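All chains are identified by letter, namely A, B, C and D, in their written order; residue positions are counted from 1 within each chain.
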């Protein structure tokens, strides 16, 4: 370089040097890539997917995307198992990435669950045997071209050209990555960012249904607006907590709550101000309750579940619950245990309202997807009873319940994709009449799922329900258990109603037909059944697993 | 370890269910025979169990115990006492007859649809119910019991809702509506009961976990720990948990006023299924009262006894009166059963050896007698294609055998001496009378009312001039005779020589009574009864 | 010897089994099989009788313990028999008369296609009746007790195609059940009192028990007796029971079953002796019934119903006697036996008449039959003389003794009871004479039956007349034989015990009095049915007559109070069950549904209202949290 | 001046934003109101950051902006397709699914 330049430079530098002494050096962040590998793998796969969309020829995309997704997810799961095997689940669990992400039992367990769910979801996404062949091209349940106006000229063209929205795979992967971070986030910022990371792709996925596109788009709009609204509230909560503690890391806040952290007296008027803590905490919790679809933040659920493409619905219903409950658990157990006497009664109320309202409204539903939506609300209530029992058994019971619930849900929605008539999926219950006559096997499978939802013994649902209720009772929340029992009685009613429809009613003349799925969907359903029965009859192994994973790092 | 006889006894029918369900649609008859074969195999096993059981011996015999869900403190524990043995045997005896009686009940009307296999389903479900009932009788772990107590609702539900008889008072659609209503009612009623019990079960777990460190459901262990004082239930806790359990059993039994599901269920389902409901599945309820309510919560049981007894007596009279008022044969029998369940519960909670032995014996006798009556009624109904009493008349003229067997079944139901039910009913009454004379006397009114509804039913259906639609009625076929004759023989045997059964039951009852710290009230004049018998016999 | 006792019961039971299980293939021979087994049991009975006679009076009690029936802790029920003079008497009566009636039925039921079944039932009845009288404990007795009830149900309703028969059978069983209730409760009381219900221990410890309890037991036993023996207030079934074939009426509803009540009372003498109140009750019931039955008997035009009324009244005599205690037990049984003869004879006679008259039963359509069926006339006549107590015939010996014993009770009770018994004798004479005259004397009042067949009265076949003659023989001489140096008394005394009460009136006075009322009765009857012609249609008659025709309105009472009331009760209960009990459940379901529908409306599809709920929720959440902390 | 006032301002902005979400029909405007809320949060963050004298708040503010930007991208895409298929951006027209 030239001398003048150097001089100038030196001028700068000297001045810089002059006040480097004043300002402390910012240390270079130290990232434990190995421990974050699962997330990174999924992100990598997602990016790869985007690149494929960008450069690969249309014909090759489907196969490529499918391969990338499956491989990526499988690799991620392998990495998780490796981490767990290295003992990150218990002994070596700690906080990685400068306190941004926790690597501990719950995190790994939930991430594993999410990855598996995503894997199954990928299969359902990739299913191409259900819709009738359009112009010689097999098509899946996603719009030929998301941007095209429904029924418009452009869409016609897209369909004729045999376009398919293979972007769904990268979107799915991004969402999965976000979900994986969400329950592991160890500071509020990460929490917020990961929330958005998995929400935004979901908003888009909701809009991409091939059939009933208006409903799909409407669902997307509703989900988006309400989601944004809720995340704004959550963010404000974060702001207040930050104001309260002067930090957004869980550990830091917890210390302040416990009073172990020493505060600068000058700032005492804001720092450690309980009003900030309580309001902020409540708002953050609300953000999470929105995601888990707890009453009264549940209203988006039925509409979105109904409008979204069924594979997406299944994915959302399963994965979002897992991620959100994970985050909720961490928040309540790591950040706010010190103030459990404040939030526990409130959560009591939420849990009760959620169970009862969810169950009651479901009684009069006439659309399968809406029915399942309300049932998912009721189940959120049951899960909350487990959350409220502030004890390791509470955590493990919730983890177990989440596994049981999510796979059954995936299977259930997968079944829904198979029952079709001219207008696509026949989701109106009246159309399901006599399904047991038409295809006993499918009906039986769905009945198994319903019974599991209803918590009949020997199904996964019962084990899960027993686990959370047990934890709640031991935590002293016996009334909650009683309410839970009553609402599950109400819930049983509408599950039974569907079974009655399927088996005890004469099939209608122009009833729906049952599509023969490819191995992809079959796998999803089979897995659902397997999980239902295994967790129902011999849950011991998984209970142990959840039990081992029941401790948060701090 | 020894041969897991009890497990096998339950597994065989379960396996049978799977096999039967797997039989291809076309091979309907094959499926039937397969199912029957498995049912008979189960019967043999049950007989072996009975043979291996030594009345004088340990309280729970042929026990098996394996860890199941350690996280919930749940063990897979089996074991039978005298009461369980006889009930297992009863179940195993009845199921083959149920199958034979329902041989053609599930033949599909149109054989066009290859995948629709009602016959296979019907028989598979029956076997499934049998398996679950058997394991429920055998389990000595509360949770294990609860699991099957609940799970057996599902196959029952499909049996009721899926295979109603085409003999309703109304049109085909109305028929289907009624049937699914009955099925749903059955399921919800019992499910609610079960869920209430679930809360109680969890409560029990919480208590044991809190006091013993590790929660447990094992009946023997809980009894043992209570005996040596390491486990003590607070009065309130015991009462609440007891109520949770009892509610479920009272629904299942059914005890007045929780009975209304039974008439619908029995009315709408086919006769064999109705038998399965009232003679087999409902017994689990009364059995559970005897095993779980009394043994786990003696104090609470005593506390609740007055109310329960009154309800039971109300049930006896109420059921009988409603039976008199019925226009539908099967509903009439259903209400009669309600009355009989009143007797059983009365006997259980009278807490005397006569009462409880009588109640247990009653479960057996009621099983057999109701089976006989209902199955014959079923043959009758299927012939006429109607359940309405008014549609019958003068049957004895055209089908004397049918009428005769029906009469015998009826006489058993009104507990005529010489037939099984008399012995048990009298034992229950005596057992009640010794401690609660007033209730005993009121309950005795039941025998008059029983005579009334049975004889009225017989008179309206069988006697008088032959009604239109009856003329051509065929008499019992061989298959049907094969079903009825053994049952009647059994009734006679139980009526004339019940000693073998009571010998098995008595020790178990003795233990149960000692659990609740009750002894029989002594007679005013102390004539040592056995001595009296001897003195009398010389 | 003991096993024979079991065989006594076993033989007819076996017969019944063979006949009922055997099925149609036995139709041709069935009736003879039935007779055979009846005869076998009679022979066994005779053998045992001989055996008893060969023993000294004290040793005349045989017991045989077959097996333990129901052993439950203190409750030890055995199947064991006890044969003593009392049961022996019954055994002979039952098997003897039973066998005769079996034979008679061969002829009487000849044209019935279900004859085999009929004999099966008859055998069943014999078995049950023998079990009743041979049981050594009350529970086993109860078995026989209900067993005869069943047999009577089956036989009354034998012609099931006749609704009237079916109804009558049902009624009989139901009324009996009411009585049985008494018996079963009595057994329960015994068990709670003595810890046993076998004859020996119970009777042995009667002394150690309060009189109140014994009275309770006694009254309960009386209730049972009333049911079985058609005593007021449970007598209403006997009249209808005549729907059964006549041999049945003869055997079950005249000779044997209906007398079971008397057996029960006499058998339980030990208890009654210690419970005067109960005894008095028995006397009263007996007295009331003997008048009641007699009055009913006077009014009936149906020959069998008239005889049924007389049966009631005669059993009333026995009850009365049994109620008198040791004074009367023996005579009760004696009258029971003699009554067995002549009443059976009378019924068989009536049956023979009906046989000849196309099953016509209305006496107003008989008349002048003595020439057409002489044998029947003679046997019937002898039975008639016996029952009205014509001096020297059976009835005279037994009935007069009862009247005498009634007076002998002493006090006002004695006088009243005696007087009633005396009057009863008069009425008996009246209605029996009435039956006699209307049936065999006067002019023909025959009318074609429903199908329009003119009746051709003819004597019945030998197979029917021979049993009739034998019974007639019995009804003439039995009483006399029994009374020769009071053999019967000596025979029974060891079991029942006996005491000659001191009668305020001398025996001869009573005899004279009886004769007087007898002549009055006969004369009155001759006055109104012999001298003037009997109208073919019944005249309206006095209020009493009309009431008597309707069994003194007792049925109407039952109908209004019990039947109607019961119907209303059940109907309202059915309604209640549907609306209240079930309604509550369905109501809950409906309630949840309605609530669901209402809550659904909140889900109105508008994003903004969802947002409102979210914001509201947040506000509530925040507020609640703050509230919890109380900031 | 007292930094607390900035907090009051941010709270005010947040409230205005929320009110807008509830009141306005046009999807775009509703969305803008959400953005307003986010910015209110930013203000709060910065203020607190100032109060606490650490930079976390300011950094978060940047993150928020990025996230907001991303939200805009997705949001506008959705809203536009919605508008094109219905020729109306009124959220009240989105009521195909209810009850």
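Here is the rule we use: a contact is a pair of C-beta atoms (placed from the backbone, for glycine too) under 8 Å apart; a residue touches a chain by one contact, two chains touch by 3 or more.
Because the structure is predicted, anything quoted here is derived from the model rather than measured.
Colleague: On the document's contact criterion, could you list the chains that touch chain B and likewise touch chain C?
Modeller: A
Colleague: Which one of the chains is closest to the middle, using the mean of its C-alpha atoms?
Modeller: The chain sitting closest to the overall C-alpha centre is B.
Colleague: Let me check something: if the centre of a chain is the mean of its CA atoms, which chain is farthest from chain C?
Modeller: Relative to chain C, the chain with the farthest C-alpha centre is D.
Colleague: Weigh A-D against C-D on C-beta contact pairs and write down the one with more.
Modeller: If we tally the C-beta pairs in contact for A-D and C-D, the bigger total goes to A-D.
Colleague: Between chain A and chain D, what distance separates the C-alpha centroids? Give it in angstrom.
Modeller: 23
Colleague: Please report how many Å separate the Cα centroid of chain C from that of chain D, as a whole number.
Modeller: Taking the mean C-alpha position of each chain, the two centres sit 97 Å apart.
Colleague: For chain B and chain D, what's the span in angstrom between their mean Cα positions?
Modeller: 66
Colleague: Averaged over CA atoms, how far is the centre of chain A from the centre of chain B? Could you give it in whole Å?
Modeller: Chain centres of chain A and chain B, defined by C-alpha means, are spaced 47 Å apart.
Colleague: What positions in chain A touch 2 or more of the other chains?
Modeller: If we look for residues of chain A contacting two or more partner chains, we find 221-222, 225, 229, 233, 302-303, 493.
Colleague: Could you say which residues in chain D touch two or more other chains, in rising order?
Modeller: 18, 21, 30, 91, 94-98 - these are the residues of chain D that touch more than one other chain.
Colleague: For chain C, write out the residues touching at least two other chains, lowest number first.
Modeller: 589, 600, 603, 605, 607, 611, 615
Colleague: By the document's touch rule, what are all the touching chain pairs in this structure?
Modeller: So, checking each combination of chains, I get A-B, A-C, A-D, B-C, C-D as the touching pairs.
Colleague: For chain D, which residues count as touching chain A in their complex?
Modeller: Its residues touching chain A are 4, 7, 10, 14, 17-18, 21, 27, 30-31, 34, 37-38, 40-41, 44-45, 47-49, 51-52, 54, 56-57, 59-60, 63-64, 67, 70-71, 74-75, 77-79, 81-82, 84-86, 91, 94-98.
Colleague: Over in the complex, which chain C residues touch chain B? Could you list them?
Modeller: Residue positions touching the partner: 63, 65, 67-76, 78, 80, 136-137, 139, 142-143, 145-147, 150, 153, 157, 160-163, 165-167, 170, 173-174, 177-178, 180-181, 184-185, 187-189, 191-196, 198-201, 204-205, 208-209, 213, 566, 569-571, 573-574, 577, 581-582, 585, 589.
Colleague: Where on chain D does chain C make contact in their complex?
Modeller: Counting only chain D, the residues touching chain C are 18, 21-23, 25, 30, 91-92, 94-99.
Colleague: Within the complex, which stretch of chain A touches chain D?
Modeller: 146-147, 149-150, 189, 192-193, 196, 200, 203-204, 207, 213-215, 217-222, 224-225, 228-229, 232-233, 235-236, 238-240, 242-243, 246-248, 267, 269-271, 302-303, 306-307
Colleague: If we count contacts the way the header does, which residues on chain C are in touch with chain D in the complex?
Modeller: 600-601, 603-608, 611-612, 615
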